[in-house]
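The first chain written gets the first letter, and so on, giving A, B, C and D; residue counts start at 1 in each chain.
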Amino acid sequence: MERIGLAVIGAGYWGPNLVRNAQATPALRLEYLCDLDLQRAQRVLGGYSTVRATTSLDEVLADPRVRAVAIATPAATHLKVALAALEAGKHVLVEKPLAANLAEGRQLVEAAESRGLVLMLDHTYCYTPAVFHLRELVRGGGLGTVQYLDSVRINLGLVQPDVDVLWDLAPHDLSVFGAILPDEVRPVAVAAHGSDPIGAGHACVAHLTIRLTGGAMAHVHVNWLSPTKIRTMVIGGSAKTVVWDDLNPTQRLSIYDRGVERRDPGTLAVDERAQTLISYRVGDMVAPALTEQEALRAVMAEFAGAITEERAALTDGRSGLRVLALLEAASASLRQGGVFVDIEGDEDAKLA
Amino acid sequence: MERIGLAVIGAGYWGPNLVRNAQATPALRLEYLCDLDLQRAQRVLGGYSTVRATTSLDEVLADPRVRAVAIATPAATHLKVALAALEAGKHVLVEKPLAANLAEGRQLVEAAESRGLVLMLDHTYCYTPAVFHLRELVRGGGLGTVQYLDSVRINLGLVQPDVDVLWDLAPHDLSVFGAILPDEVRPVAVAAHGSDPIGAGHACVAHLTIRLTGGAMAHVHVNWLSPTKIRTMVIGGSAKTVVWDDLNPTQRLSIYDRGVERRDPGTLAVDERAQTLISYRVGDMVAPALTEQEALRAVMAEFAGAITEERAALTDGRSGLRVLALLEAASASLRQGGVFVDIEGDEDAKLA
Amino acid sequence: MERIGLAVIGAGYWGPNLVRNAQATPALRLEYLCDLDLQRAQRVLGGYSTVRATTSLDEVLADPRVRAVAIATPAATHLKVALAALEAGKHVLVEKPLAANLAEGRQLVEAAESRGLVLMLDHTYCYTPAVFHLRELVRGGGLGTVQYLDSVRINLGLVQPDVDVLWDLAPHDLSVFGAILPDEVRPVAVAAHGSDPIGAGHACVAHLTIRLTGGAMAHVHVNWLSPTKIRTMVIGGSAKTVVWDDLNPTQRLSIYDRGVERRDPGTLAVDERAQTLISYRVGDMVAPALTEQEALRAVMAEFAGAITEERAALTDGRSGLRVLALLEAASASLRQGGVFVDIEGDEDAKLA
Amino acid sequence: MERIGLAVIGAGYWGPNLVRNAQATPALRLEYLCDLDLQRAQRVLGGYSTVRATTSLDEVLADPRVRAVAIATPAATHLKVALAALEAGKHVLVEKPLAANLAEGRQLVEAAESRGLVLMLDHTYCYTPAVFHLRELVRGGGLGTVQYLDSVRINLGLVQPDVDVLWDLAPHDLSVFGAILPDEVRPVAVAAHGSDPIGAGHACVAHLTIRLTGGAMAHVHVNWLSPTKIRTMVIGGSAKTVVWDDLNPTQRLSIYDRGVERRDPGTLAVDERAQTLISYRVGDMVAPALTEQEALRAVMAEFAGAITEERAALTDGRSGLRVLALLEAASASLRQGGVFVDIEGDEDAKLA
């Protein structure tokens, strides 16, 4: 089988990871690393590489050996770079978020779909063994009905000059919500609060509250200023509750058979009701064995698979739009003092 | 010195702790444990006690040896019980929250102040060695300017029949905020989101966002449904940041010399600005040695001290009003879909 | 049913816990707290107690209402105090270790058995929910064959004036080994290393290595000088391995389906053998739900039960002898530079 | 400055790490990866590398561009491979342990020293920021007098076919002891206990007790069978005690101002002596900020530095001999049932 020729665009923070994982993926053949700063690209490739460094996106897109590009440039440039690639007939893997705003994102999705090209989001966390397990568990009904979600992603982070902490960090949490929740549980509205105590010019600490269909609530806390690093997500269900602690490599997932239940008062004698309407389950905890595997390796394999099999990727352009719709609504809420803002509805309908 | 005669009212969940600690306090003399259920009171006292159990509050209040009462009955009864005690000339220690609402709370404060009696809140956490240390640190300026606060208090908790999770758990966090923040940093407005996924009839999961004078933001997450127990508070400052983990007995406080700073652009050459406006401090962490001491012991000592020295207690009635004002505003926000609700202003002015 | 009259002897470090738990045990009736220092005894009882404080052991033993005594005096006095009690016809619960040496311990066991009296060791840890669970698991075969045990019990501890760290702390680990290991897995020989870096006059840090029947090895590390507190025991088995972390209240036991196995080379083709003789199991971990219950409460209930039902207690005098035999052999090894010393054999045979 | 031509010998478990870090070291120029299995070497280099793969050690050693080799082959082959390299005039970096036994190790040290070539051990842990900090702290006197060391290195490890767990894992601990202890605190004798519960043919669990000059004791626990991974080292001192937890990336070092001290009885009144001879210090803990840096990068830099500056490396051949002397004595103790075996003395004297 012929390998798929790939170019990586952008040699900044994330690009080197794309380069390394592309090289380790048998189905791909890395042809270029492209960056406006040639020395940066060369530095990333190192002194022992046969891969070409270039500053010319045109050169890359004109090369017929390049069938696909992976874009790790700032979000503001995604529209231009990805659109050029799609127009040149290349499949596209793009860093989160898909684009600088929802309108631009839709342009990219339409451009890809109209040409039958793969447009895939590098929602890296969705490709971790932990999230694959969560996806099975939550969508498969193993938790019962989802009651609440709570995600905390805080650490002493790089304060971005161009985007606030919501746009920088929350895409991780929102894309995971999208990957693991059942199709019938979708975000309906979002309220956002943020603060900028260091004068960065935009929020450095933010809280998102998301109303889901069915009434459950999801909450996301993102923070660039925390001296400690926390990356946990709790998904509470009527049957079980799972805690994902991504910083605990030996026990990333803990599935608790613990919870609170309200019993049907009709089944109880009148005088029992006061104390017995609520019952508590306190059972065992199971930490499933997970394979250790770099998520980006699975991203690359999925990208190659989607191209070869001519199918949508697991995190396709539409999943990117759903994240953008949430972020835009959150930004609107932030501007309006934290009121709930409805999330723009069915992307599929809009695009169709 | 004569010991202060004390009666404990309420032999339910918290009463036994008051009984045990009152008995261990040299300045107090426990005379009665009073509960509507005599057997419950007797059970709490055990078979080896010389303390009297009674069902009659009147008997207790009529006894001149009783100079003070400690009330651990449901919040809805605080007004009636505490008012009766104050009217009988007794000093009062009352469980949080002070009363079922702000108006009732004001009645109690006025009743106590007009009679020159001590009215003290059992804001137990304010009397832990950790919070005493935090108070010194934060009010003393050791953190620099307070930038944000974040408190998480979640576990598989007792779902209360009469109050929601905010009124049940958040008083702990709010009273600690009050104790440690400088006088000039006060809550201005609060937004609250909650959900009731088990059909308990009121919120079982809630998030509070509080705007403070000066623009900093405080956030509180309370949750009765979490399978894991977390009790952490982060107070971020411009100089240092402290993490209080109350479930880590060997390292409750961690003071980080870590943070993000924005430098004054005027001091930088033009071409440096882009990358140098933000700087990161990554220094040592210090975990101060704290004595291990039961907080309720210190509560009892403070109550006795306030009575003897005829002074206000550290957590006096007005501190209880400040917590009630926040809770009422939070409940209003909850009813109004999470909009920010102003907190009723200067209690001292109102009362004066 | 009439309650069993009890006296607690010794109001020092552990006595108050015996007093508190005896009072909470319905089958017992606490009559006396006896200590050479009357004020210490009175202080322990507090100012609200109907229990008598006394300095006279004779008075206690002469009182026919006292059917049993619980002894929490220094080990050097156990022979005298417990023997007096047994000779007065009282059942005896005694703090670990049973006596200052094996010979004295045998005297006590013989004194109790010849009179048909209960002689029980307060091996408190054996009565924790965690150890009850471990006992079921290990003796019930749930771990497969026991392969190794490893216990660490270190913290900044009270340096005892009269005994070294082995005699102070290791009885906990050794009694738990005795409680959970199958009958056919018994200590055969022990080697001990110790050091006294602060000049306390005896070992403050010590390591025990114990050979068990069947060839497995147990190791115990006890240390009074550690700034951090660790209390973990690992029991490795051919099928599963369990880790007991007594300082993690929400996950004291973790049962791992992980391990290394050597496969039978006969089942493999010759060219597979090199790499396939060893196989690794990496399965789930289960943390069983345990009730939270004070172990000393269960100790008291077992003591009362053994008296009432005229049976041996779970941790009877002979279990105390087995611990003493190990400690004596360990001390002999310590004196002989760490050589293995055989453990004096079948106590039952010797006594019979 | 010309870069030093390097060949990596061995493309197995550790070789790829050497390849990666050599390529990232500006002072080195990687010329070859040599392995008996050409495909394995090619696989390690990947499909984008300009580095040559070869099976011929002779070819490598004959190439004048190769001035240095890094050897990551099994310990049993170190003598042959390293000696050939030294005889060809190449500087040598070799994986731990230096050789299969002390006699072979001495041959290598003599071969290097007589030719004025660098012979360096890849004692990787000695090049971590944590150990650099420990070295400063311990050798600089910041802990006071060293009282004890305790190292635990356990996990579900690869059961090696040719060496036991002592020779596989303990070199890490022993080389760190060597790096951080003051020159006057050296191992005097060692006792070792081991067990092989899975029938691997050699010890899979082992405990080392080491007597140091001055009387302090060091203990090492290594274990291939543990379901959990622990990598901690405690160094107790008369002034402070430090805990190194290598699996806690955000707090690898914790320096405790806690400890136990024996006071000089001469300074005390007679009646104070009993209770006051021992005093306890319970002060703050400090977790120093450490840079995050891959240790192997520092190994490579040190190797290049030693070659360029014609000086001994920090972990030179003699440090490798000291580790071998300890391992041989430990193996002798293991064969003799755990008795203390003296460690062969001053290597420098022997070699001189």
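FYI, a residue touches a chain if its C-beta (ideal position, glycine included) is under 8 Å from a C-beta of that chain, and two chains touch if they have at least 3 such contacts.
Since the model is a prediction, treat every value here as computed from it, not as a measurement.
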Ask   = Which neighbours do chain A and chain D have in common?
value = B, C
Message = Among all chains, whose Cα centre is located farthest from the one for chain C?
response = A
Key: Copy pair chain A, chain B: interface residue numbering same or different (half cut)   = same
Remark   = Set C-D beside B-C; more C-beta pairs touch across C-D
Chain A-chain C separation of Cα centroids, rounded to whole Å = 52
Message = Taking the mean of the CA coordinates per chain, how far is chain B from chain C in Å?
response = 41
Request  = Note the residues in chain C that touch 2 or more other chains, in rising order.
outcome  = 228, 258, 282, 285
Ask   = Which of the residues in chain D end up touching chain C in this complex?
value = 145, 147-148, 150, 156, 159, 161, 191, 193-195, 197-200, 204-205, 207, 209, 215-217, 219, 221, 223-228, 234, 236, 238, 241, 243, 254, 256, 258-262, 274, 277-278, 280, 282, 285, 337-340
Task = Flag every residue of chain D that touches chain A in the complex, lowest number first.
result = 23-24, 30, 46-51, 228-229, 250
Key: Touching residues (chain side chain C, partner chain A) in the complex   = 251, 257-258, 282-289
